[in-house]
């Protein structure tokens, strides 16, 4: 352990020696600089390590000059300041390395001196325990930063620097005033000493409140809170990113710690109010202002400011929020994780922004595809910043949300809204970056610091996850499973040298997990609703992975890892035992599937992500509403213990509705299904949307009965399901893209499942579960076939196809069976689901919903026919004359699924026997129907004999065929263009193929219903918000006087609210 | 698959069938004549009166269809030019056997008043087998009905075998057709 | 079990004959309304025989080949799944196989088959007709579903036999009189279902020659023809069971189906044709509103 | 009290300059005035009427013959020490600001704020 | 109408003018080179916006082709035929497609039937009525259609014709006799 004062002294000496002996040459200067930084880093690391290993138990108190605390100045190093020191020095060293590798345009020695002074000042600021000394260190830091900010010597950086100087001076004036007035008031400058003299009753009037406000207000300016942060944003935009990285990543955190510590020592009673007002407003405002930002550095600046706002909020709650026990600990870790996450990822982002050098966001187009390593670093940082699991930001946010007391629910809501806004703009940026573009990518400088940062960040993420699972006491099984997911997908990435190897590995891993689940009952103890979905996920996944290999050549190397990740996180969802675990895996699934969709359509993926975020955070808010009292983690079965409002249920259900694509939340689905990689779409439709069903079942069974108005909610849900089923089917018939037709069809079918769930009777669940499996079978089949067809023909545009039955007979057979199943025509498996659902609806007398549901299935025939006709029938085009049957894996999957539909159609027990068990595990005694004889199923209203129908259909078909051969016409197979065409000979297949806009007449009848009202409403909301933001962000005029004016106004505002007691 | 196989290549085979029930079926064929009217000339105006209320051909089982695939009778209603002859041949070939052709008007017999026109086919039976000619310029619907009666009679007697002759003497017909149709763009053998 | 198959065969043949006869009668009536003599009532039999024994036929592909079988199968299936005579074990056919919902969905089987075959022929008109047909189906199914669901809820069963049983005991127990508005909606839907004249845009002999079977000929056409006839009879029987109280003996069945048939024939001969979207809009307005009167009455009860 | 009011006045004058003036140099002057005001305030906090500065002059040393100062005769020395530091810092800031202004002038040939509003929104 | 002719005469050289058989029909003959200018003037200034037809007459005696452009004015309710003569040995003229788009098909017809080519008409060599015609254009008066018809389509052997007709007549009479 090193005496902290040595750090300061050595740094100071080094700084001056560089200044004096710079004539000794560059090597000397750099040598001294690096030696100092390394020494400081090692020293502070040793202290931190001491704290970490509990070798040092108490905070270190250094008495300078041997005077005891109240008289002499002293340093005080506790755990937090040591850790923060490590971070500051790490970031500082990285920034310095980065800067040197880029080449310093200022004379080097000066810059290094300033850097050292900056590090020195911030260290001192963190360590000191004397108010005036604090002021001195703040000034050292500030002056060094003024210089560094100006170091680019262009008009941008000089302007930023000058603004900083003026506002910084005002701020330090307040700090100084506060400090000396404090001295006048308390007769001491030592923090601990002052703290001992103060009690909160002194705040009830008089000087102390003014003094504290002065002092804290000065620090608040430095903390870039909302109305007074224009200068900070200008620095982010204008200054050298290396400097900005160290400022945002390290120094501001020092100010933050100082602020909290001072407030703590001053026992400032209004910290919570101040924190909520300024933290929250800073967070929300900056997240929204960033939307319209075109300059990438300023965008990061907004994000930084927002994060600081969140930190202030968290700190205020930690110190002053009446948190106890768990909550306090959670909040502490939330703060720590926020700090670490922001330091490492934001500094990486600034490094990368500097390396690439382009400012405007559009110029970043295609960066991800041009340099893989760069892309990886950028993606990781952005994901962590935006709070994507399993990165650090996610755990921080989760801790934060869990820790906030329930009576401050509005804060949870606002923070989550801010988080959605954050995702909105970060991934708008990501969308631009990940677009495909050819070209050369070059950057000047070293990528090593970013690499270091990201590795630390990854390590910290693992630590964060570990800490989260340990602290919250969640079942450790889930934590292990999370680790397993991560490790396995990384393994697929690392070990998969080629696509083939990745394919085999993915198959092996999913298969192994499936084998494990079947063999080992620890994951799924008895057959219940959860194991039903585990089997569903694994069975679907293994088939769809199997089908992807022929398509995989055009996918990037992360396709299979992400695929495995998505699949396993869905397994995680299915086996999770409480709401929080469910949420974690849910987010894992959303994000990984977002990244997968992003391999295809960028805009679509963005919309998907935003909608997922709305759903996911809605769920988190709902969970927050559920959790009461000491039991912060609500588990499924204990939900009954909570008397909660209906909003909790509705909010939680939002997430599931989004994934199911239910009507007003469906806007992501068409494009996400249509443009995601073809190999992934079957999983998206067949399995991923079923996770919504799973969640829906959980909510309805465990949660809804305990809510008020649960009947109304269920009836409303049924209406949502029915309208979704109808309108999505209507929209599907006018799509001209095979995957988009299937997309709408998918949503429509899931609407049926939702009706089944909302019935909440055993027959309803039977219908829902049956249809869940059945939808997996036939929609998987259709999407796999569509993927193969797109692979073979190179287009997904329906009018471009036609006549492919001649080239792909097996696919046609499978597709036909899929379509018959989709249409619900007996004897294939689709009918059973319909029959069960209608019986259930009849039983419950929901006549109107029954009417709409049945009618929707009639409408579905239209797109069913459209798909069959435009792809397979009609005229074969010349360009597809040499097209082959689909690749073997796809055909195998198709035929297996087609066989399944037939088998299930004749013997529905194949699925029903499972769903019966699952339903019994939900507490129902019977599945809602009965077997009258071996094959005849009877409900209260009707009956149906699947086996007979199958035999009858096949039998009479054969009889008709035999009869046909009795008629003795001589049949000749003619060519495709030999049609009765008024005596003309058609000149090309295209001229006689009817494939475009099949339902033009229907469009004229239903024009009102298919107008994209919902989508336009979303667009309108988004656009008007955008316009609003674009207008209001002019708040930051760029004028120094205005910035100063806002400082004064804010100060008056604070005095006003604290004196008047408003708020 | 071949580069282009819009049309069939192999020649239709000669039909052979047992004659056991033929008489009964010929009766049925005669009683159910589905007509595709090829409106080549002025005779096409006589078809609508024939099938509507005044002359009511439907009482004899004669009704109209819109597609050659389902038709039994092809009515060539008037003069044929080379251009229309091509289409007539195609329509005729697309009809399913047994099939019959009725030629309306003098033009189909020998060119009629256009016997010296540069663009009127004078002798239609050189190109497709005609079962019944109805003379006149133009024949009235009564005459056409009489022609149909004639056709029915021939069918019942089994004498309306133009379709058989066409297949049997396909080469001869083709030669004649190709003689006047210079640019032979019709696909061979595609019915 | 085996005697059932024999009976089923007989019913199919009988249904075919009855269907062809009804077609002939329809042609005759139309001709008389035109002021013509018209063909004999057995003209359809003759046509069928002729088509069956044409000497050549063409095929465009597998689906084209199989479609007539699908069509026939769909027709036969519907006829056999509805009980013709209430209480008769012979003439209730295979109605143990499924209830009304099964029949409703099985009705699509034949249409889908025919549409696929038509599309496989590569003729643009053949493909156009099914799209019109499906659009029109979306039109007429709404009032039809209203009446079916209304009846099912009212009688607490979707079994067709159950529905017939509920209507026994006098003419005023028929649904036509018990739920007159539902019945009117259902009967208007029936007009659309038969694609008879105001709603005949699917076949539209003028613009799209004879609809889906444009390319069909000979034996194929004969199968479609007979499938359509049987299907028609099956639907008459279904409507009879739904609205006219079923039948307790064969004569009653004949009389009632013939009455339904007459409705269609007279409507057909009186009205001109709707375009597709007009038909759809018509079905979604008047019959729906009429049907909803009873529907809501049942809903409230 | 007079000192207090005067120093506050100075601070406000400085603030006013920062809020209103469009000339960079004038703003810097404003900042300096503000600094001065604060310094004055600090001094005034430690000032007790009738006491002397806490400085040991040589004259006094010889006269008294001791380093010790009569605590009851002098004002509080700590604010004075603070002021020294604060003055140094203020000078440093001013120097920094002026150098930045020089650079700014060399870039744009202007020292008006209106020419330095590129960074905004 | 006379005013119109006067106005025209003041601008263009009118070779011949006469009233047609109807009141609202006038026939003008203009120089071949000024035709486009005349038509353009008539279209733009005198509301003859409708080109009803272009017809051709073969004056084999004068060794000339006459091209008549038949115009119609909706406002004036007047027909106006503007005719020109072109050399029969050199049957070429410029298209009026730029003035009247519908001239495309008229010119195509004249090209096919008279062999007059119109410079600037892109589609004039496509088939119009006659498919694959290889002889002299059939509407020229030196084309012998009877000879052509007999050579190409043949003539029915009169014996065959007679027997056929006799057979048909006998069939008829048989039928009648039976009734």
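Lettered A, B, C, D and E in written order, each chain numbered from 1.
By definition in this document, a contact is a pair of C-beta atoms (placed from the backbone, for glycine too) under 8 Å apart; a residue touches a chain by one contact, two chains touch by 3 or more.
On a predicted model such as this, the values are computed, not experimentally measured, just so you know.
Enquirer: Would you mind naming the chains that touch subunit B and likewise touch subunit C?
Expert: A
Enquirer: What shortest step count links subunit A and subunit B in the network of chain contacts?
Expert: 1
Enquirer: Give the chain pair, either B-E or A-D, that is connected by more C-beta contacts.
Expert: A-D is joined by more C-beta pairs in contact.
Enquirer: Please identify the chain lying most centrally, where each chain is represented by the average of its Cα atoms.
Expert: A
Enquirer: Rounded to the nearest whole Å, what is the centre-to-centre distance of subunit D and subunit E, using the mean of the C-alpha atoms as each centre?
Expert: The computed centroid separation for subunit D versus subunit E comes out at 107 Å.
Enquirer: Centroid of subunit B to centroid of subunit E, CA atoms only: how many Å?
Expert: The answer is 34 Å.
Enquirer: Please tell me the distance, in whole Å, between the geometric centres of subunit C and subunit D computed from their C-alpha atoms.
Expert: A distance of 100 Å separates the two centres.
Enquirer: Distance from the CA centroid of subunit B to that of subunit D, rounded to the nearest Å?
Expert: Measuring from centre to centre gives 116 Å for this pair.
Enquirer: Subunit C: which residues touch two or more other chains?
Expert: Counting only residues that touch two or more other chains, subunit C contributes 53-58, 209, 214-215, 218.
Enquirer: What positions in subunit B touch 2 or more of the other chains?
Expert: Where subunit B meets two or more other chains at a single residue, that happens at 12, 15, 17, 67, 69, 86, 96, 191.
Enquirer: Provide the list of subunit A residues touching at least two other chains, using ranges where the numbers run on.
Expert: 806, 968-970, 972-974, 976-978, 980, 989
Enquirer: Go through the chains and record each pair that touches.
Expert: Pairs satisfying the touch definition: A-B, A-C, A-D, B-C, B-E.
Enquirer: Show which residues of subunit E lie in contact with subunit B when the two form their complex.
Expert: 129-132, 134-135, 138, 143, 145-146, 148-150, 152-156, 161, 164-165, 168, 171-172, 175
Enquirer: Show which residues of subunit A lie in contact with subunit B when the two form their complex.
Expert: 806-807, 878, 881-882, 968-970, 972-978, 980, 982-985, 989
Enquirer: Going by the contact rule set out above, which residues of subunit B touch subunit E in the complex?
Expert: 81-83, 86, 109-111, 115-123, 126, 133, 135, 146, 149-150, 153, 180-183
Enquirer: Where on subunit B does subunit A make contact in their complex?
Expert: 1-8, 12-13, 15, 17, 38, 67-69, 86-88, 90-91, 94, 96, 185-187, 190-191
Enquirer: In the complex formed with subunit C, which residues of subunit A make contact?
Expert: Where subunit A meets subunit C, its residues are 803, 805-806, 809, 812, 816, 820, 823-826, 831, 834-835, 838-839, 842, 845, 847-848, 850-851, 854-855, 858-859, 861-862, 864-866, 868-869, 873-875, 936, 940-945, 948-949, 952-953, 956-957, 960-961, 964, 967-974, 976-981, 989, 992-994, 998-999, 1001-1002, 1004-1006.
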